[in-house]
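In the two complexes that follow, chain A is the common piece, with chain B as its partner first and chain C second.
Here is the complex of A and B:
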């Protein structure tokens, strides 16, 4: 026989103090709830509605037609593939570079604060500024990089033409690595020194200490960085909009840029809304998978 | 009670919420809802008259006329400046939100496109009343009237009328002992003579619109509304594409264009004396004069492929159907297109204008730069005369952009890129 499930405490049995605390909590939450309702939930509801409409004025009901079109559209598939590669590149790169920089910044160095600040500045700068900056640096004909390479007698580059996707991944990593470094640095400083001392006494070398102590105990930070990097990678826009215009020949047609072009160039708000909803579902799926995988990999000493 | 037992949100939950919030933020940002707005357009009630305009065309000559307009009607004109792409983004967001500016400038083709979608106001009523007095259509170049007409009704009035020609560095040409090319073969020969030591003979533009003069010279029509065929005749289209690709990849007389939204790279290269010749319009001349006052440039007519041609360009004004005060909007258009205003704008900037009486003025004929472009206008053509009728003009332009970038930038073979283009275009038209 099954035991009775625990019953929730009836509302009538709540004490006046509990009710007052609940009211106070909701009062404090109200501004945030209003903000989210106006700027997030209402637009999301509007997008869900618009995704079922079609025509230049998005005024004809089309059911799930836009969603069906999305799966048949080779341009949408291409932009999703490009974005997936971009997200993987920026996520792996952000973890590797961020961790490497954090290990450096965690050492006793002169000017350590300045070093950390210098690495964080790109993250604090707008993607519009960074895009224009790198566009001017990388331009094969007028960019400063080729002038420097030429002066040094080295072969010049045309990376925006020959490796456009890898180039915008690299620019993004230059931008975000300082931020991931700060996250890993906080994680490193949270690892008790006693573990390293014990391992050293047991004869563990630097690599063994890194792989057996540092890396496992940084798992929560790595999980957080990977979740945020995948999300921001899938939502990247400015790199295509500012630096490459999605080219050459759609090789950097990032998904959100494709959505923007569909809405504001092709004037297909219904279809672009459906593409947006699909992106949200993909992001949620990625996040759930990452969190579950991260949970299994957690280590505690 | 230990910390881990404490009620509240776990770290995992926080991460989950952070992920969900970020996803929601992205979705909200992608939406079609009303965009962020620094000002409401069409503010008829508060006496504000809203105009969307290109920042490159905010001339003193127009500001004087606008001041008179404000004084006569008791309104404040708010000129909101946007580059073309941002201007259309703003306009579409407005229309989606059920509002519109009083009047706007457009880079060509929009009046027909928005007429087709029912978002532009027919000017028939106004032209019936004022057309004769303002010399419309007789005093306007016929191409500019066709360019703004849909189903027999006029929806826009041309503001500027320009075309693309060869602009070159006279000193480099003199040093190499060459003259501006008049045929495609000469383009290659002259460009080869001029290409040396980091200087390119002819720099092609990354913007796909700049590929059209060569296509037109081979008699290519990008869309035929009767046959529903794209980029025909096929052999002429492929030959013109191959010619451009060869300039970059075979003869190496042009650098590989770099993908970007900026179409000023050739102008910058000419100004920096790293390109001897470019294809551009009169809008680049003031920039060249300002950035390189010592550069002596020349303007040559476009060479001849199967025929002589170049792309007809220039901006128009139209009134959105939802404009709050169309009568005022029409008066605004009339004032900015008088012969007197056209001449003042030309004197100030060198811009070319659509009136026939403007072209006949001695001050226009006497200016060498303007006269050269005015000659170009005699054979310039609308590159996309029927495309808007497909209702898929922007999608077809995106497909053309991919084709242009494939052959010029990535070096894909012309037959392969052309086949991909036609497959894509057919699917777009059939959709």
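Here is the complex of A and C:
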């Protein structure tokens, strides 16, 4: 990402060629600059502004009142807690499952492209399709999961009532583990084979090789996958909107779903804007941590 | 050897766990309403009800949903293919004032999750009277920092001499881009187009927010709303889900290698 800074050329010494180059550059860039100004920077300015307004038409200035409310509001706090649990659960799960699958798939196997693509399918499927499908599978009366468990002699469950959050974490893991597998596979392929050969010569067993070579050298990938998974976990929406409706008793009231309801059901644009900004700050903080660590952690082989 | 067999067994198991729910979705779409609602849950219907698919189109403007999804995902994909390489090229090869500032400003948008733009965009389009329109569905996604970054990385290694030589020969700037740069970016463009299309085809939150008129819904939103309104028509919801899933499946089969190669690139997102 770092590129050499353009040499600072005094205006008088800029050649006609350089000026022509700059003109062409701006001509080609014009649509993009307009786009990012109108559809990214204007909305960000708008939401910061709206987050300081209150009242049914979001037209009364209230300073940081909405933010103060957010920290006191039990519903917002509950939603943040639920979302954090969801993000941690999906991240830990996606790392464990993704790494395990990657270790299994990282060898010369017949049909390995087929394995990889099959595992990747849910990640490329709309959350609407996945949410509706699992809602049906998990249905306590008509769902197939309980029937299968019953026939296997296993206890049946009212999944979405007794363990709603764990259940949508599991559905999300079903959706994304194939994707984290692909990221770990790319990481594994970056580890030079000679290390393993040297370790084997020195008498290191498979576990020793995993903990002393694979895991440390995979650290940048693991960091990347964790940050990516936390960030997308914090933004999950469809799981709550489609599968659980945020319930029962707000146990799956994912944050973006909470924002959506506050904005478009309760029509409280000021407060929902402040809630959005708060989550954005959390996400930006995670991204900055990743950029910092990524720069330091570039592994030298 | 034993570990090889174990790897096969475990991977096969994982693939089955992944694929079986999707096959069950196909099964649901071919069951009678009675079968889907029976307490016993039917694995595979006795006689597949292909007419469910026809019925879906009678019960909801599903044809309209398909058209909307094709138009929206298609237009956004074309815009990415048109703009991302051009902008990436400028940042890779041109020197001009504020170059780094502008690049940082564009890449910084990668940190902005969509939900942050959701409320202000809703208000903006609402003020314009553009809710329930293709403009509203398409405009917010015309470009993104990721596609531009990807294309810039891809174009940077192309030798400058090629560009200089063309300039000396008197080629216009756009001709240089169109004839010399763009043809060399084909593999990156394929990945970019493929992933843009699939992710936009699946997009859920914005079309949900930006449409209230049934005829402007995309497939994911139309399907979800359909199931809310007709919660006992599971066989039809499943049929719609299969239709929503088909383009992804076809693209996946047709361009396996691009998906395998491209998915790690999308990780940069």
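One rule holds in what follows: the second predicted complex is superposed on the first by the 250 of 301 C-alpha atoms of A that agree within 3 Å, B and C clash if a C-alpha of one lies under 4 Å from a C-alpha of the other, contacts with A are read in each partner's own complex, and residues count from 1 in each chain.
One rule holds for everything that comes next: a residue touches a chain if its C-beta (ideal position, glycine included) is under 8 Å from a C-beta of that chain, and two chains touch if they have at least 3 such contacts.
Worth saying up front: this structure is predicted, and the values here are computed from it rather than measured.
Undergrad: According to the stated criteria, A:220 is in contact with first (chain B), second (chain C), both, or neither; which is it?
TA: first
Undergrad: Between chain B and chain C, which makes contact with more of the residues in chain A?
TA: Looking at chain A, the partner in contact with more of its residues is C.
Undergrad: Looking at A:67 after the superposition, I want to know if it touches chain B, chain C, both of them or none. Which is it: first, second, both, neither?
TA: Neither partner.
Undergrad: Using the touch definition from the top, say if A:196 reaches chain B (first), chain C (second), both or neither.
TA: Neither: A:196 stays clear of chain B and chain C.
Undergrad: Given the touch rule stated above, what does A:57 touch, chain B (first), chain C (second), both, or neither?
TA: It touches chain B, and chain C stays clear.
Undergrad: For A:264, decide between first (touching chain B), second (touching chain C), both and neither.
TA: A:264 sits against chain B and chain C alike.
Undergrad: Once the shared chain is lined up, is A:248 touching chain B (first), chain C (second), both, or neither of them?
TA: So A:248 only meets chain B here.
Undergrad: Quick one: classify A:158 as touching chain B (first), chain C (second), both or neither.
TA: Only chain B is touched by A:158; chain C is not.
Undergrad: Could you say whether A:210 touches chain B, chain C, both of them, or neither, answering first, second, both or neither?
TA: neither
Undergrad: Go through the superposed model and pick first if A:284 touches only chain B, second if only chain C, both, or neither.
TA: After superposing on A, A:284 lies in contact with both chain B and chain C.
Undergrad: So chain A touches chain B in one structure and chain C in the other; where do those two contact lists coincide?
TA: Common to the two interfaces on chain A: residues 39-40, 42-44, 46-47, 50, 141-142, 224, 228, 231, 235, 241-242, 256, 259-260, 263-264, 269, 272-273, 276-277, 279-280, 283-284, 287.
Undergrad: For chain A, which residues are in contact with chain C within the complex?
TA: By the definition above, chain A touches chain C via 1, 3, 5-7, 18, 21-22, 24-26, 28-29, 31-33, 35-36, 39-44, 46-47, 50, 101, 104-105, 107, 109, 113, 115-122, 124-129, 131-134, 136-137, 141-144, 146-147, 174, 178-179, 182-183, 185-186, 224, 228, 231, 235, 237-238, 241-242, 256, 259-260, 263-264, 269, 272-273, 276-277, 279-280, 283-284, 287.
Undergrad: Using the touch definition up top, name the residues of chain A that touch chain B in the complex.
TA: 39-40, 42-44, 46-47, 50, 56-58, 74, 135, 139-142, 158, 160-161, 164, 220, 223-224, 227-228, 231-232, 234-235, 241-252, 256, 259-261, 263-267, 269, 272-273, 275-277, 279-280, 283-284, 287-288, 291, 295
Undergrad: For chain C, which residues count as touching chain A in their complex?
TA: 4, 7-8, 10-11, 14-15, 17-19, 21-22, 24-25, 28, 36-41, 43, 83, 86-87, 89-90, 94-97, 99-100, 102-103, 105-107, 109-124, 139-140, 142-143, 148-149, 173, 177, 198, 201-205, 208-209, 219-221, 223-224, 227, 234, 237-238, 241, 244-245, 248-249, 252, 256-257, 259-260, 263-264, 267, 269
Undergrad: In their shared complex, at which residues does chain B touch chain A?
TA: Residues in contact with chain A: 11-12, 15-16, 18-20, 22-33, 85, 88-89, 92-93, 95-96, 117, 255-256, 258-262, 265, 268-269, 272, 274, 391-392, 394-395, 398, 401-402, 405-406, 409-410, 412, 424.
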